[in-house]
Structure formats: C-alpha cells, structure tokens
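Labels A, B, C, D, E, F, G and H are assigned to the chains in the order they are written; within every chain, residues are numbered from 1.
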Amino acid sequence: MAREGEPLEFAHLDLDREARCGFPEVVLCQGKTPEQAAAIAERLAQAHGRFLATRATPEHFAVVRGRVPDATYHEIARVIRLDRAPAPPRPGYVAVVCAGTGDLPVAEEAAVTLEAMGSAVRRIYDVGVAGLHRLLGQVGAIRQAAVVVVVAGMEGALASVVGGLVDRPVVAVPTSVGYGASLGGLAALLAMLNSCAPGVTVVNIDNGFGAGYAAATIHRAIWEGRERSGGA
Amino acid sequence: MAREGEPLEFAHLDLDREARCGFPEVVLCQGKTPEQAAAIAERLAQAHGRFLATRATPEHFAVVRGRVPDATYHEIARVIRLDRAPAPPRPGYVAVVCAGTGDLPVAEEAAVTLEAMGSAVRRIYDVGVAGLHRLLGQVGAIRQAAVVVVVAGMEGALASVVGGLVDRPVVAVPTSVGYGASLGGLAALLAMLNSCAPGVTVVNIDNGFGAGYAAATIHRAIWEGRERSGGA
Amino acid sequence: MAREGEPLEFAHLDLDREARCGFPEVVLCQGKTPEQAAAIAERLAQAHGRFLATRATPEHFAVVRGRVPDATYHEIARVIRLDRAPAPPRPGYVAVVCAGTGDLPVAEEAAVTLEAMGSAVRRIYDVGVAGLHRLLGQVGAIRQAAVVVVVAGMEGALASVVGGLVDRPVVAVPTSVGYGASLGGLAALLAMLNSCAPGVTVVNIDNGFGAGYAAATIHRAIWEGRERSGGA
Amino acid sequence: MAREGEPLEFAHLDLDREARCGFPEVVLCQGKTPEQAAAIAERLAQAHGRFLATRATPEHFAVVRGRVPDATYHEIARVIRLDRAPAPPRPGYVAVVCAGTGDLPVAEEAAVTLEAMGSAVRRIYDVGVAGLHRLLGQVGAIRQAAVVVVVAGMEGALASVVGGLVDRPVVAVPTSVGYGASLGGLAALLAMLNSCAPGVTVVNIDNGFGAGYAAATIHRAIWEGRERSGGA
Amino acid sequence: MAREGEPLEFAHLDLDREARCGFPEVVLCQGKTPEQAAAIAERLAQAHGRFLATRATPEHFAVVRGRVPDATYHEIARVIRLDRAPAPPRPGYVAVVCAGTGDLPVAEEAAVTLEAMGSAVRRIYDVGVAGLHRLLGQVGAIRQAAVVVVVAGMEGALASVVGGLVDRPVVAVPTSVGYGASLGGLAALLAMLNSCAPGVTVVNIDNGFGAGYAAATIHRAIWEGRERSGGA
Amino acid sequence: MAREGEPLEFAHLDLDREARCGFPEVVLCQGKTPEQAAAIAERLAQAHGRFLATRATPEHFAVVRGRVPDATYHEIARVIRLDRAPAPPRPGYVAVVCAGTGDLPVAEEAAVTLEAMGSAVRRIYDVGVAGLHRLLGQVGAIRQAAVVVVVAGMEGALASVVGGLVDRPVVAVPTSVGYGASLGGLAALLAMLNSCAPGVTVVNIDNGFGAGYAAATIHRAIWEGRERSGGA
Amino acid sequence: MAREGEPLEFAHLDLDREARCGFPEVVLCQGKTPEQAAAIAERLAQAHGRFLATRATPEHFAVVRGRVPDATYHEIARVIRLDRAPAPPRPGYVAVVCAGTGDLPVAEEAAVTLEAMGSAVRRIYDVGVAGLHRLLGQVGAIRQAAVVVVVAGMEGALASVVGGLVDRPVVAVPTSVGYGASLGGLAALLAMLNSCAPGVTVVNIDNGFGAGYAAATIHRAIWEGRERSGGA
Amino acid sequence: MAREGEPLEFAHLDLDREARCGFPEVVLCQGKTPEQAAAIAERLAQAHGRFLATRATPEHFAVVRGRVPDATYHEIARVIRLDRAPAPPRPGYVAVVCAGTGDLPVAEEAAVTLEAMGSAVRRIYDVGVAGLHRLLGQVGAIRQAAVVVVVAGMEGALASVVGGLVDRPVVAVPTSVGYGASLGGLAALLAMLNSCAPGVTVVNIDNGFGAGYAAATIHRAIWEGRERSGGA
C-alpha cells in the first residue's frame, strides 16, 4: 500500500489540495481502470476521510467498494462518494434547474457534487422553455437560491431565460442531449456562451461536476462572506 | 437593351418563375456590380412591373434608380423594391419578432419581403428573452398572426420560447449579431435547428429575405387555403 | 401512479401544450429508458387519449405496450403512436419526397407524424436528382400538395430542385445518409440552408418528426385558413 | 424624446432589469449607430441615473457625450460609463488577472464593469504562465480576493494554473489574442472549458463585460451573504 | 536579369514542367507583389513564349505589361495571359456551366485557362437549378462536350444535376458565392464531394484555374487518345 | 417480384442510367438491409445483366448470392459484382496508386470499379512519400497510364507528388486512415484540395468507387476519343 | 515468405529507411490485420534484427509472437518491440512528463519508442498544472534532461508551463483525454500550438510514438553533436 | 523610465528568461501599439543588450528606432533585431526549406530568429513538391544540416517528403498561403500533424519565429551536446 506523501505507481495525488482549494482532489473515473480508481479512492479515504469519484460505472463501484466498504454510489449521477464526517450543510440552497429528462444524469452529477461539498440542493427539473409556464411556476424558488445551476441540452435556451429572471450567480451546463446539428452538445455550449443574459458563466459539455463544484465554491464564499471579503 | 426571352450577356433570367413559383425572380445584389443589378432590375421591371432586390447598397440603388426611376429603397432592410400595381394585402398578418436592435436589418429585410409579396406585417421588435416580460406582453399579438417570423442572433433562444407559445407556423432566422463564440451566427443557427419547441423551421444566417419569402408563401397558401387544398 | 397536474418523479409533463400549440407533448425516446418513456406515454394517454413517441426502439415499444396495449409501432419510422379518437384527415395532402432508400426512416418519421396530426400524406420516394426524370415524372403530384417535405442526405440537392418547381411551402430535412465529407449530415444541412430556391426552410439533421410537425402545422393553418387569418 | 414606459422607435428598454437582476440594462454599442447608442444611454440616464455602454468607439462616445455630458469614456476598456450617485465599493476586492499586454482591453472591460457595479478591483497584469515566477509572486494577492477573473488568449493556460492555486470562485475569459490555430480565440476558449482545475467557469471570447458582471454578481452575493442565504 | 537555369532571388522556376506535365508553370499572383509576379512572368515568357498568371489584379497587370508588353489581361477572370505561338484549338469543346452571375469570375478563370491550354470553350452560364428549365434547355450542348466543368456556389446542387445527365467527365468547382452558412464556399464544396451523381470530381473553392487545368488535361488526353493509351 | 419499369416498394430504380450515363445505377449497400440490396441487385441483373454493389458486407453478399448466384464478392474492396457479358477491356490502363497498407480497401474499391467498367488496372501500392524512392521507382508505369488514381490517408501528400510528375489526369481519393488530427480523413481531403500540383481533382473521403467511376469515364472518353470530340 | 527487396503482396517495405533516417520503418498496427502486422514484423526482424510496432492490440501480439517469438509486448504502451542487439543507451536522458493518469498510454508509447531508439527515459507522471507544486518539485529533473516530452490532454496547459521553465527542446503531445469540448483532443492540440512559451513543438493527438521518435532523433543528434554539426 | 526589476505600466517583463530559457523575452508586436513595443524593446535593450521583436510593421520600427537607434529591421521577415555583442555563430547550420514564394515572410522570420539566436542558416527556397527535382537537387544540403525547418502552405506536403529523406530533427511550419479549403492554413497544419514521416514536429500556422526558436534550441543543445547530456 502506498504511504502518505508518496506517489502511487501510476498517480501522484495532490493531497495538499484540500488545504489549498477547500476540497480534496476528485477522481475522474473515465479513462481509469476500476483498479486505478479504487487505489486512488482508498488513498483519499485514508488521507481525508472523504472523496468524490465521478463518471463511475457500476464496475468502478464494485472494485471501489471492495476497498472502501462505506462508499456509496449514486447511479443516475454516476458518482461514488464517501464522507465519514459530513458537516451540516451551510444555510441556503443551490437551485439545480434542468430542461428535460435526458439532462438528468448531468443535473444529478451537479447536485451530488454540491451535496458532497456541503450545499443543500433544490432540484427543479424538466422545465424546458418550450413550456414556459413550467419554468415560470418555479421562479420564486429559483430567485431565493444562493446560486443557480442551469442544465440544458439541445439549444440550451434555458440558461438565457433563467439568467434574465434572477440576480443570483448562474452557472450553465450544456449537455450532449440532442442529435444531428447539436454536434454532441456544441450547439448548447455555444448558445450558453452567447447568452443575451449577462453574467451567465459556462462549464464544459456534460460537466455537471464542474458546475456543482463552481456553485459550491460560490455558495461557500457567500456563507463565509462578510468576514473574509470584509477583511481583505 | 436585352429583349424579352433572351439572356443578358451575363445573366439568364428566369422569367417563368412568377408563373411557376408565384413571385418573380429576386435579385441578390451582393456579388453583383451596380450595373449588373440595374440591368437585371430593368429587365424584371419590363417583364413583370415589379421586382425585389436584396442586399442592395446605396451604390446599387443609385444606378438602379437611373434605369427604373420609380423604384424605392428601404435603407435599413437594404432592399430595392418596385411594385407598379400592388395588390391589396391579403387578410391577416405575419408577425416579425426580433430579439435586439442589432437584428433590425434582418428583421426589416423579412418585413419588406413580406410586404412586397402581399402580406401585412406586424413588427414586434427588441423582445429578447433576457427580459421575458417584454415578450410575454406581446404574446396575444403573436398568437393572432397567421405566421410568425422570429429573428435573433447571439444564442437565438427567442425562437424556442416563441415556438412553445403558439400553434402557428414559425420560421426562425439566426443573425450574425454577436462576437467570439457566436461564430458569425453559427451559434444561433445551431440553437434554432435544435429548438426544443417542435415545428420551428430555420433559414440561413441573416437570411431575412428567405424567411419573409417562406412566410409569405405560407400566408398565401393559408389565404388561398380551402379551395386549393380542398380540391387536391 | 402520478396524478393529473403533478410531475412524474423524473419528468414534468406539459399537459397544457395541446391547448397552447395544437398537439400534445411528443416523447423523444432517445435518451430515455423504456420505463421512463412508458410512464410518460401512459400519462399522455390518460390525459389526451393520444400520443406520439419518436426514436423508439423495439425495446421501448415492448414496455410501452405493456402499459398502453392499444399503442402501435411503426418500425421503419421508429415511432410509437396512439390515437383513440382519430379525426378524419383534413382535405388535401402533404407530399413527402425523399432522395434515396437510405432516407426512408426519416421520411417515414415525417409521414407518420403528419398522419398522427391529421394530414394525409403522399409518399414520393427515391427520386434523387442524379436521375432527374424520376423526379420530373412526379412534379404534378408535388405541385398539387398543400405543403411539401423534402428529405435528402448526401448533398441534399433535391430540396433546391423541388423548391424551384413549386409555389408551395417547402420544408427540407437533411439526413445523415452518406459518409466521409457528409460529416454526419452537415453537408446536406448546409446545402439546404444555402438553397438557391427561395423560401425553403430547414430542420435539424434526421429530424423527420420536426419536419412533419411543421408541415402539419402549416397544413392545419391552411385548412383553418380563411376564418382565422381573415379575422385577425 | 421617448417617455418612461414607452419603447424607443428601434428599441424596447428593459427598465425593470435593475429591480429584477440588480443592475440596469447594459448597452452593447457594437452593431448600433452612435445615435442609437446615445438615445438608449440618455433613456437609461433618465431612468436610473447611471449606465454602462460597452464596445464603444470614440465615435459612440462623441455622440453620447452630446446627450449625457457627465458620461465618461474608458479608452482601453472601450466603455462609456455614467454613475451619478456611486455607492461606496463593497468590502473586499475582485482580482483581475491577465496573461499578456494584448489582453488589456478585455481585462479593462472586466475591471471597469466591476467598478461600475460596486466592486473594488485589483489588477494583476502580464503574468502569463511562460514566466511562472511572475504569477507565483502574486499568489497572495490572488488568494485574498473575493472572486478572481482570469483573462488570457493564445492557449489560455493561466486559468488552469490560477484555478489550481485558490479556493475562490474563478471566472475565465478567453481572448482573441493570437493568430493561426488560435482560431480567433477558440483555442483559449476550449482550453478554459477543459481546465483540469475544477470549478473554473467561462464566458464568451473577449467578453470582459460578462466576466466582470458575473464576478460582481458573486461579489455582491458574498457581501449580502449571510442574511440572504441564511434566510432562504 | 536572371539567366536560364538559375533561380530568381526569391523563386526557383520549374522550367522543366512543360516537358513533364504538358504546360509551363502557372503564376499565382495572390500573395506575390506585382514586381515578383512580373519577374516570374518575364522569365516564363523568355523560356516558353507563353505563360498564364491567375488571381492577377490590375496592379499586377500594370507591372507585368511593363516587362512583357504583349501580355493580355482578362479582367473578369483576373488572368494575365501570353501566348506568342498559339496552337489551333483541338477538336471538340469543353462546356463551362455555371449557376449564377456571382460565379462568373471563377467560371471565366476556368474558361480562360482552358483556352490558354488549347481547348475551345462553350460557356453555359446562369443556369442554376432553382430554374431547372434553363438548364434542361442546354442539355444537348452539355452532352456533346468532351468534358464538363460545373461552377456553383451556395448549395452547389448544379454539379449533381449535371452529373446525372451526362456520360462525360465532370469537374465541379465550388465557389464562395453565398453568405452565412455557406461558410465561404464550404457548403458548396461539401455538397459536391457528396454528390449523388457518381464520377463527379471536385477542386478547391473558387479554383477555376484548377478545374480548367484538369479539364484541359482530360481533353488533351482524349484528343491524343487512341495512340497513347492504345500503345501503353 | 417487381416488373420492369415499376418501382420496388422502397426504391425507384433508374434503369435509364446506362443509356444516359454509360453505366447502370450502382448500389450503395451501406444504409440498406441485405434484403433491400439483394432486391435491387436482382432487378439490375434482370435489366442489365450486370451490376456493381459497393460497401457490401459479407451479410449483404450472402443474401445477394441467394438471389443472383453468379454474383462475385471482392472482400477487400467490399464490392459485389456481376457481369454476365463482360466486354474486353479497352486498351491502355488506369494506374491506381496508394500510399499505405491501410488504404487498400479504398484502392481496391477503385480498382474493382474500374475493371467492372471496362478499364484494365495497374496496382501500384504502398508507395507513400515518406520513402520517396519506392514511388520514384514506379514513375515510368504511372506516366504510361491513361489516367491515374491516387489513394492516400494521413496527410495525403502522395497526390501532390504524383500530380507534379505526370501529364495525365489525376483523381485523388483521401482515406480515413489516421487518427487524431486526421479528423476521419478531413486532413487528407483538405490537403488534396489544396494540392500545389495543378489539375488534381478530388472525390469524397474513402470514395474509391467515385474515383474509379470518374477515372473509367475519362478512360472511356479517351478511348472513344477522336471520333466523338472531333465531331462535336 | 517474401524475399529481400521484393514487396509483400500488400506492402512495400522501406528497408532503406534505417540507412536514410537512422531507424527502420515502424509498423502502425491500427488498420492492419494481425496477419498483415505479423508478416511485416517478420520481414523487418529478418532485415534489421529489430522492429517497433505501435497501436498493437493483444490480438496483434498473439500473431506476431507466433512468427517472431522473441518479440515483447508493452501492454500500457500498446507497443510490440524486438531488439536482438540493443546498443547501450546514449548518455543523458529524455524526460517524459505527463499531466494525468489517463495520459499514461500515450506517455508510455513515447517512452518505449525512446528506449527502442536508444535513449534512457525519466518518467515524471501525473504532474498536471492544477496542482502546480507537484510539477515544481520536479523542475530540477526536467531541466537536466537532454530533451523533454510533455504529454497532456484536456486543456494541455502543462506544455506551456514546462516550456517556460527550461532551455531544452520541448516536444508536446496532446491526448484525447477529456470529453465534450475537448473534441477528442483538439482542445489540447490547439492549446499546445498556441503555447505562449516559445519553441514548443507539437505532434498529432495521442501520437506518443511521433513525440518519442522526434525526441530520440534530437537526443541522438545532441550525442553525435559536435562532430557532425561541426563538420558541416 | 521604468527601472530594472519593476514592471512597465502595461507590461511585466520576464527579465529572468535569458537565464532560465537561454534567450531573452521576445516581443510580439502584433496587438501592441508602436509605443508599447518600443517601450518594451528599450527595456530589453537596457537589460540584455539585445532583443528580437516579431510581426513588426514599419510603423513599429519607426518608433522603436527612435528609442533604440541601433536596432535593425528585416522587412520581409517583419522582425526588428538588436544584438550589440553578437556571438560568433555556432558550427553547423540550420536549413530553412520553403515551398513557394508566398511562404517567404514566414521562412525569413524563422531564418532571422535563428540568426539572432546564434545559428547559421542555409536558405533553400521555392522547392515545393509539385516540381520534385528542385527539392531532390538540394537533398545533400538538407541532409548536412544540424536541424531542418520546413515551411509550406497549401497542402503542406513538403514536410512529409523532407521528413522521409533525412535523419535530422525536422520542425514544420504551416503557412496561411492558399485560399478556400486551405482554411487560413489549417489544411497545411493538419497535413503536417498527420505526416507519414515519423518525427516531424509542428508549430502554429505562420509561426516562423516559433520554428526558428525551436530549431535554434535544438542546434544549441547539439552544440553544447556531449558535455551536458553526458553529465546528466
């Protein structure tokens, strides 16, 4: 077994990341064998008592569970998570808003990441702009959120509409839902980058984790708010 | 001067188009010298008593007016038009809806094309989705239209929102308004092609003429409606 | 079982769509599990007595049929359909014209969508422009249609040729038929967007459903024609 | 002169935006004539006593100043600004970090936007990763910021390096600085979207305004922090 | 002045090309100063008594004429040509068929290249597929050609239609005529590469010279035909 | 069984093509079921006594052979062929030159197409430019060909080198051999379209059939040469 | 068995390459059957006593080992290698630096290629820029290398950071590690081509072999250094 | 005037670069005003007694010369250079090989960079592969070089041909020479990245400076060779 402070044979863990960035290194399982993922997860469990592993297949989870039996698997989100000493979530919540059923895996990846990082989540799903009344019925809940994550594929219009309705930070996630000229999510990505609603920021296609991470960072900063920014 | 039925030196006019397609050939001035455009316009004026010339600069108009003094120029729309015996517009109207001030030239190109083809137009401008209340205040007027043309650049979300609100045919025109990742209008084009609102059809970037032509064709078909489709 | 007016766990149905847009929400099976598709289909069957589900595999149909036994499956079109109280089709027909055998699934998706929405369809298949006489032999039938849907892959030239022959609204559908520089249908899409025949409008690659929906909307508008646009 | 609550001839101002989103509508001068820009600016000055106009040329400013004499012009940032009753900036600051001299106009657009929205700015310029010591010498100042905006063209690597060093929200702006395979900023945009540092969010190429707006929104939320998210 | 067999300071002429490939090196003026172009032209005039210089501006011609007074300039084709001992054209002709007026410069570049290489040309212009009768009226002349060059921008459909009508070699030239989604001629290029008419070959966008060169090579091969291929 | 002059249920054969274009319609098996391909093949066998079916899998061949027992299968070329009354090949030959082993299927598709259309073929394989001596050793054989087909993937440089060595018509076929930035053959396609050797014409990626068809058309024209072009 | 100097049936080996370029031809197994790969490998083993075969699957190796029993397989690198008379590695080493675990196959392909060509390798893995201290801890080892190979996917920033820290030749390899807007490695490729650190050169996506080959060529040149370049 | 160790107002010079990377920071004039460029150049002249400024217009040079009178301007290369104490060039030379006259500015940028960094240059220009004998006549001079820089636009084939002829490190520079499907140099870039000649490395389009810098770095390493790599 690898010792603290030494690299695994194939990986060089960034155990300093929690101190530096506020959360331990996260494992992207895609492109790693289940054995590689499990070895890294075990190391992180030892060092931090918690970890997050994304894009995990059931095969990844089977091997991880063999080494870290108290890890749990979020199937739709494709996330393996361990948190041996979870802190109580900070006040307020992050709204995760998604356009359609096909966007659920990405929305859930964002939601589970947020929860792992200590934010409560309010899920507002299947409110695509083709049926605007569904979204308008949820505007109150969206406006009360500390941060808003918007997840949409196809033409990604939801980000602009939500962005125009709130004064909260909005992080948009394009998804690869669609076909043909959706170009694997590029259409939604470009749309979100060109949003006519100012202040919408964007992450990579299908990157629910990245959006959740960014939103949790903002939410944490809001909560730590006055002291820190006041003292700078 | 060229005679009826013979080609100009550089062009081979499709004088049969009015009978075949319901409207005479239209001149795309872009890529033609003012002299070429004027020669074609003069021929069409002789043959049909009317013409439409798009993407016309003031230079094009100056030369055209020298040959066809009763032609008029729509500056914002960049259209030269002649109609010596205009028919009264058919009942009902086409709504031309646009997102922002920068989309005006394209929206006006659509509107003037519609008017030249016999459709009344209702202009509903600067109702982009970032300020949704502006659009929602116009839903009644949009729903009463016979056909709806939606013009938007940047992320083009307006097409999806309008498409989800009406049961009318919707023709969407992406514009090149934007910069960077708008890729000259490709972002809006892709968004409109991937609209989550079913039944939205799309024309080329900045092709206000094409959208106006398509909408006028639909409007004419609606008006001629019962007889023709009934008898088929 | 979900009750009217309440969301399913994973979906938030737009039951108001029929009133607003003239046709109930349509299920895109791609990206949904058979169970998700079936639950939505069952809800729509209860609420409207009819539904349309596109991009359905035989696996989707197997589960849907378990919940909605009178649903039918159009195998080539990959469409599941239910219509417990079909209205008689409106007068006139929509011509669905396609270039080659490979385009059949998309053409059929358009045709079945049209039939589900109350339009009679005339199928004119395998009339690609490389053998122009095949198309020219069908010009009469195309010109008599209320609306024309043109389906073509590869270079998509059929849309321009048909567009130049008729005075009817033309909706073009590029398909992903081809290889190499067809770029998954982008070549045909770009060609159709740049059609030299004015008034051709375009939908997404392989989006037979969208074209059928748009054409049915136009056809319905034509039929309802005079009253509505006359009264506006 | 247009009256409150009525649209200009060519624009339909969103005067409600300040209440809804926390800041008045911002004028994008690009694509507008100086006269159009000035008319909108005058309206906003009347309604809100302040405005921000981006991508403004000296020609735009000349006409705006004729109507709103107390407006000021930030030449490098290409921004016209009016703020008749500026509030004291909120505690803390936003760091605007840029890679090279060519990125200055975009960085300044972000900085001026931030200042207009009430955030103090700390400018940390010309610290591209090819000379890493320049950046490492500024890590302290970056870590103490409430929010970090990173501006870089070419390969955009600065966003990843900064993102890995801080626990603050990071908004990245790709610029069009570069040539050839920079593809007008697409290379930097793609790089930032694929950042290996989690939580970096991205705006459109050269969109300094958007990054400033997003960062100011986050900064304001941090400051308003505890009350609001606590009470949600 | 440079001597036979020695390079100019900036160019290394391929004086062997006529023997090896059947025609002297051709000068692409684009990217060369008028002085560079003229120096090369003068060298070729000395070595071969003829030359062809494409993409030549009037400025190029002014300087070339100063050094080679008997050179002539084809303005629309943008070609400078010298042929001190022209051979009689070989029997038969090459048809150059183009879709619209905007394609003329490219079509003429092909035609002048053909004439310079000894082929008679039959120009069949402005016969785009949106008015199919114009093309069908010329089918006889096209079928009698030895080789056919088809020049078209926008959607480039003309190549497929012509390709399906003849048993002659067809060389297609996409042009940059169009806007928006024509992507500077890429739409026409992709369409022609995906032509459903077998045997159509394609050259670069706007490369009238290349198409003329290829067609002249084929025409020469046909004429030299029986002897050479018979003897192989 | 379908009768002469009537369409199959799913296809509308172009039986006139042999008269019009010199060779019967060719079946593209890709995108067709074995049954569809076999039904078309049987029809063509009845009408013409010969056919060519490309992109055929062994599954296609198994069903075709059931209906047309004397058809043969070229495995590397993926071509099914029938020719009940083959004509003797015309004098001379077409050289098919390819760069690497991976290009063989495309080169063979070209070669078999040529043979089916009556041209003798000389195969010159694996002579990529990275080992130029291999190519230079074959220059004589290439120069004696009536037409040259060049097949290459990766950077496609072989087309330019061959094009600069011969005075024969050259048809270039890019292949999808490569990875990463070869972009599925686009790199080779673009390279060939930009060949610095004038007169190289290009077909779609992996389109060995198209290149063979074009080369056979040219070869046939050369052979029929003097009479036809002389009499025009 | 094929004889020296004669082509295999399907391949034309470049046995002269070792003399000309310093290393025998290398077999790219991708796109070749195991039998083709093995036949070529056997030929190279006979002619040179060594070979390198890249992108080899276990299936390739199984057949190769049947013909060349002393060949070895590097599983992660996907390389088959034979070296019957290995020379001692030249002094100094090449550093192969990679960003993450997912880049290992490409990094190992580079490393094994280097070793096969006579260079010692120092592997410095998993030092991506999101945890800069990991890289900074290895700067000494990187600076002492004769040549540096940098392997990174996602945003590829590692190349710029390393390039700015050393005065050694740096060869960068983008990998296809990533998803969505990584576009199969294009994002990293573009980033590396736009590196703000001067002198970084780049090879194709995932082309560990090419980078290893280039680095070994440079390393060999350095070692042979003074004599050769001194005598030129 | 800025003092040593302090940033200019707009730039933060990397005065440590010479020690770290072997050559002082280089000024990219593009995107900088003449005044900015001159201020930086003056600083570098003071600190190092030499500098290199690329992409410099005559306007840049006019202002630079006002501040650094002994700077010189290479017009074709668009480079401003100062070297108050030039070292004698190291033994051996770098060959700069280019395909055509249009590539001269990029080739000269590489050559002047090499000379500024202490390498002798042998210019071998206008040897594109369409006239292979021109290149073959120079193979000796290319093979004797220490390093080879290959500059080519259009299809970029020269890199592969040269790469296959030598055992020296080869750095390839694609240029934007071409039109249409050259896509501003992307065609040549992709071709070079996919070179079938192993070991060719590539820099950005038109990046003559980068290629010269890389080649000079390799040349210097070769010269310093034995000692350093021996001692590692």
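The criterion applied here is as follows: a residue touches a chain if its C-beta (ideal position, glycine included) is under 8 Å from a C-beta of that chain, and two chains touch if they have at least 3 such contacts.
Remember, it's a predicted structure, so these values are computed and weren't measured experimentally.
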Third chains touching both chain C and chain B: A, E
Furthest chain, CA centroid comparison against chain H: C
B-E or E-F, whichever has more C-beta pairs in contact: E-F
Gap in Å, rounded to a whole number, between the CA centres of chain G and chain A: 36
Distance from the mean Cα position of chain H to that of chain G, given in whole angstrom: 25
Cα-centroid distance, chain D relative to chain G, in whole angstrom: 44
Two or more partner chains touched - positions in chain E: 130-131, 164-165, 180-182, 186, 189, 193-194, 198, 204-205
All pairs of touching chains, each written as two labels joined by a dash: A-B, A-C, A-D, A-G, B-C, B-D, B-E, C-E, C-F, D-G, D-H, E-F, E-H, F-G, F-H, G-H
Complex interface listing, chain E residues touching chain H: 7, 10-12, 14, 16-17, 25, 28, 30-32, 36, 40, 174, 176, 184-186, 189, 204-207
For the chain G and chain D complex, residues of the former touching the latter: 99-100, 128-132, 154-157, 159-161, 163-165, 178, 180-183, 186-188, 190-198
In the complex, chain B residues that touch chain C: 20-23, 26, 90-93, 144-147, 164-169, 171, 189, 193-194, 198-205, 209-211, 213-214, 216-219, 221-226, 228-232
Touching residues (chain side chain G, partner chain A) in the complex: 101-102, 104, 125-127, 130-131, 133-134, 177, 179-182
